[in-house]
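One chain, chain A, links the two complexes that follow: it is found with chain B in the first and with chain C in the second.
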Partner chain A sequence: MARRLTRFLSKYALLATLAISYLFLYLPIVHIGLGAFAKNHAFPYPPRWTLDTFGRLFANSLYQNAFANSLILGVGAGALSTLLAAAATLGLMRHAGRRTGLYLVLFVAPLFVAEVLLGIASLIFNGLFLELQGNLVSAILANAVHCFSYALLIMATQLYRYDWRLDDAAMVFGASPTRTFFEVTLPLIWPGLLGAFIVTFIMAFNNLEISFYLLGATPTLPSVAWGALRYGVKPELYALATAVNLVVVVGLAVMFVLMLTGKVAFGHRPERERAV
Partner chain B sequence: MKGRWSGPLLLGVPTAFLLALFVLPLVSMVVLSFWRTENYHIVQDWNLGNYLTLATEGAYVTFLVRSLVMASLVSVICVVIAWPVSYAIILYGGRYRLLFTLAFAVPFLTGEVLRVIALQGLLGPLGLINGVLMALGAAPLRFIMYTNVASAIGLVYLYLPIVVTVIYLSLLNFDARLIDAAKIFGASPARAFFEITWPLNLFGTLIGFALCFIPCLSATLAPRFLGGPNGTLYGMAMAQQFGESGTWALGAAMGVVLFLTSILAVLAVCLKVDLRRTGFTGFGRG
Partner chain C sequence: MYITLDGVSRQYGDIWAVDRVNMGIGQSEFVSLLGPSGSGKTTLLRIIAGLEKPTTGRVLIDGVDVTDLPPHRRGVAMVFQEFLLFPHRTVYENLAFPLRMLKLPKAEIEERVAWVVGILSLAGLEKRYPNQLSGGQQQRVALGRGLVGRPKALLLDEPLANLDRELRQEMEVEIRRHQIALGIPFIYVTHNQEEALSMSDRIAVVRRGRIEDFAPRTQIYDTPRTAFIAQFVGRSNRFEGTLDGAGMLASDCGARLAVPAAGLAAGSRAMLFVKNEKLRLDPAGATPAGANSLACTVKDVILRGAYADYILAFGNRELNASRPRSERAFLAGEAVTASFDAADMDLFDADGERPS
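On to the complex of A and B.
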């Protein structure tokens, strides 16, 4: 009886922690979300609905410009880091041999260097030693370094169970290495590539601490938001954060639905369905 | 991809990329830290003056100690919260496990600035908590407005998602049949947890700890917008060297100090742990 009681209590203690954590994470987001849609934006309880804030946000040419730049930054850094990480993952699994550990340490090292340090180091390197002005390209390259490690980890969890015998089989039957890659390997690993691209795109799109030091005078959404935040929180910033949150939620929701319907499997492992 | 060149190419290109854009910048930061800045100009004159300033001037030492205390505290809090959370997801998530984890990723992916804005909406003088208190007729809470407590809450908010994700992944890869085996041989649930689950997921936990500790140590945004006059942290002071004060060489030295401190902290934790006993299997190539 006592045992059952402890089990019951521990179950609800765990679930309560989970619920409180979600509350903690989402309360501010919901709060500013309501604030963005309300006339009484500071304390929107009950909200008096309006879309004026969003109107002002979308009409502001500074934000439009910044949005375009952020988009370029996100796509550039996301694509670059995903491609490099794909090459690195395949290389690690197939060709690294005994030096796997060494390569792996180098490849995940950016995770263990704070973003702001990466930004400052790249600023020093570009500005002082190469005498380059900061621009969108240098920001894309520096962001790609940080995103690379995340993309590598996402893809490594994906390809962990990839069966290389499929490639060997294709080649035994006479396919060239290139054909094997495009007809066997790529179709099987593309969900990993897509997942890595989505995540790295969002990360680079929203990054401030690296991009800030490398952008020069190019505005991006986070840097414009940072500039505005120094003069206090404005309802436009609430609207901006809410808009980005909505986009991220929709992106991840699409990913989730695809996974649930079994269209693609992002690291899904049926044989491990039962754990703990 | 079994061509003769594919191996060197697949590994070589990413390696070259990281050497050029990751290792070289860090090296140039170290080099700059031994130079001087005079009137916004860099003087190439090898000296230890920057490090001397950092070691002797009280303010910088205070910032560093404060950052270390803050980062350790925040990381421990994050791990303590993240364990039950990821355990609950694994145990009771069922087929919606992934959704629960993704829900943690949403705030993480929206970027620090936007999340600091959200936090100001929660903790600020006009924010949710104080708004509710004032609507109820109570006095606003002073300790969550522009104080170190606010910074700490902010940092937990910023980095909890990544710790949860890492510990969740560790638990997901953990073979639960080991627990069943322990229970069959008569271990109590608590004993099974402390002798099997915890040690075998220690490596994942440490990774989560490190991935929270390192960015916290050099946090710039949260202390700036949430911390008060006594809330300056090392990373924030470093960022100022590159902005307002223009003393790049001193900033580079601070960067080196931060880099070494975080590496040392991670190594110190890792050396205490025997990796083979923690479920670390290397990079599987099964």
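On to the complex of A and C.
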């Protein structure tokens, strides 16, 4: 009897903890979401539904501009850092030998530099030595520095499981190194590349601290939001936050479904693992 | 020779993994590289494939110096121990891979894959992925991928090591059959002497990066050139001792054995090997069949089916004998006489070389 009671209690205590954790994580987001769709956005309980804020948001050319810039920044920095990190990871795994640890530490060291400092330093460096004005190119470069380390770590965990002897096999059967990469290596490691790209895209897209210093007058979504705060929290900001969240959630949901249906598998399964 | 290795060496740090190897392999020869793990046999195979570069020396295939050619331009194929099928490709695509790299027309690719599917009985598996195949099926696909491109040579790196015993024996026969049918050299790396003996024309015994001997398989087994080969190939009893002037060896274990007349000086150290199946057994008291006889007690009998392995106590050491069960069965505890002739033993000097 006592044992059944304990089991009953522990089961519901666990469920309650789970519920509280999710509430803690999602209440702020839900609050903003409700605010975005409500006329009484400051305290939307119960909400009086409206879509006006979204109308105003999408009609505002500043936000449109900022969205386009953020997109360019995210794609540019994501692609650049993913490419560089892929090259770095391949080099680390195949050719670094005994100094792998040293190279790895040097590659991830930018993670430990505060983003604000990285922004200021990049501004000065890009301006003085590369003679780049504060613009999107300069911001993409600076963001890529930071994103590179994340991309490297994400890819390294994926590529660690790749069996490089498959490359040997491809070459013995007549594939040149380039052909080997596109026929065998890439098809097996692209989930790692995609994962790194998605994460770095989101990081650059949402970045304020680094971009802030390098963009000059070019608006991005985070910088516009930051600027708008000076005039109080406007309903457009609720709508903006919700729109960004929706994009991210839809992206993750698509990926989840793809993985669930087996269209995409992360990492290379050793081939004999499931042999009968 | 169709494939020639000319003074091939490979250095890793301070270690010579392959050390001054010279070999000539004929156009339709089945050659095994037999050696313990870490002896450098796989490195040697990878050098022939082009996956490793020799530190010094040359590799010639079909008269062409390929030492500086990358693997994809050598025209050889390989079967790996781990199979290494492309996991994202179906069986058909795996088999077609070498042909696509040769840029053959589609019709010919289909024809050749069909041929290899036929000879390896892979029909019905073409659309499966490697992880949907059993170990034996994966092995066949790996072999098929090696044969389909009609390579100049097929290199096999312990391809049967991951298969169970029965399947292995089946595949041994099959691999040998394909080699004869195709008439190309197969170079087969293994640490398993049974595989090497059952398939090869010639066996190269590899030890510490060097070729200890490269000879026809019967010669490797029947008249090993060094003590290492005698120890490594087949199962033997080893005696060490000092030679006296009368052509007798006083062994450290207390036996006096008549040895074949050999160019070893009296008083020098020598070792000799007697293969387990050459040790004949008779009940104690009966006239022993061989010239050298040792009085032993049967300690243990291990039943192998057609024959039995006997572990014998001789003084304070053990001897091993392997006899057909049709001959006579002995029981544990029985007193027996183990005997052998001088012709049954392989004598080596203290350095392990056969005296000339």
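Here is the rule we use: the second predicted complex is superposed on the first by the 241 of 276 C-alpha atoms of A that agree within 3 Å, B and C clash if a C-alpha of one lies under 4 Å from a C-alpha of the other, contacts with A are read in each partner's own complex, and residues count from 1 in each chain.
By our rule, a residue touches a chain if its C-beta (ideal position, glycine included) is under 8 Å from a C-beta of that chain, and two chains touch if they have at least 3 such contacts.
Values in this document were obtained by computation on a predicted structure and should not be read as measured data.
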Contacts of A:141 with chain B and chain C, given as first, second, both or neither: first
Partner chain in contact with A:171 - chain B first, chain C second, else both or neither: both
Which superposed partner A:156 touches (first chain B, second chain C, both, neither): first
Touching partner for A:48 - first (chain B), second (chain C), both, neither: neither
First (chain B), second (chain C), both or neither touched by A:249: first
Touched partner set for A:39, first chain B, second chain C, both or neither: neither
Chain B versus chain C as contact partner of A:123, first or second or both or neither: first
Greater residue coverage of chain A in the superposed arrangement, chain B or chain C: B
Common interface residues of chain A - those touching chain B in one complex and chain C in the other: 171, 177, 272, 274-276
Chain A partner contacts - residues on chain C that touch it in the complex: 49-51, 70-72, 75-78, 80, 82-88, 97-98, 101-102, 130-135, 138, 145, 149, 155, 162
Residues of chain A that touch chain C when the two form their complex: 163, 165-166, 168-177, 179, 183-184, 187-188, 268-269, 271-276
Residues of chain B defined as touching chain A within the complex: 1-3, 6-11, 13-15, 17-18, 21-22, 24-26, 28-29, 32, 42, 81, 84-85, 87-92, 98-100, 102-107, 109-122, 124, 126-128, 131, 135, 157, 160-161, 164, 169, 171-172, 174-176, 179, 189, 197, 210-211, 214-215, 217-218, 220-221, 225, 235, 238-239, 242, 248, 251-252, 255, 258-259, 262-263, 266, 282-286
Chain B-touching residues of chain A, taken from the complex the two chains share: 7, 11, 13-15, 17-18, 21-22, 24-29, 31-32, 35, 42-43, 45, 84-85, 87-88, 90-96, 100-101, 103-104, 106-107, 109-118, 120-126, 128-129, 141-142, 144-145, 148, 156-157, 160-161, 167, 171, 177, 180-181, 185, 199, 202-203, 205-209, 213, 222, 225-226, 229, 233, 237-238, 240-241, 244-245, 248-249, 252, 255-256, 259, 272, 274-276
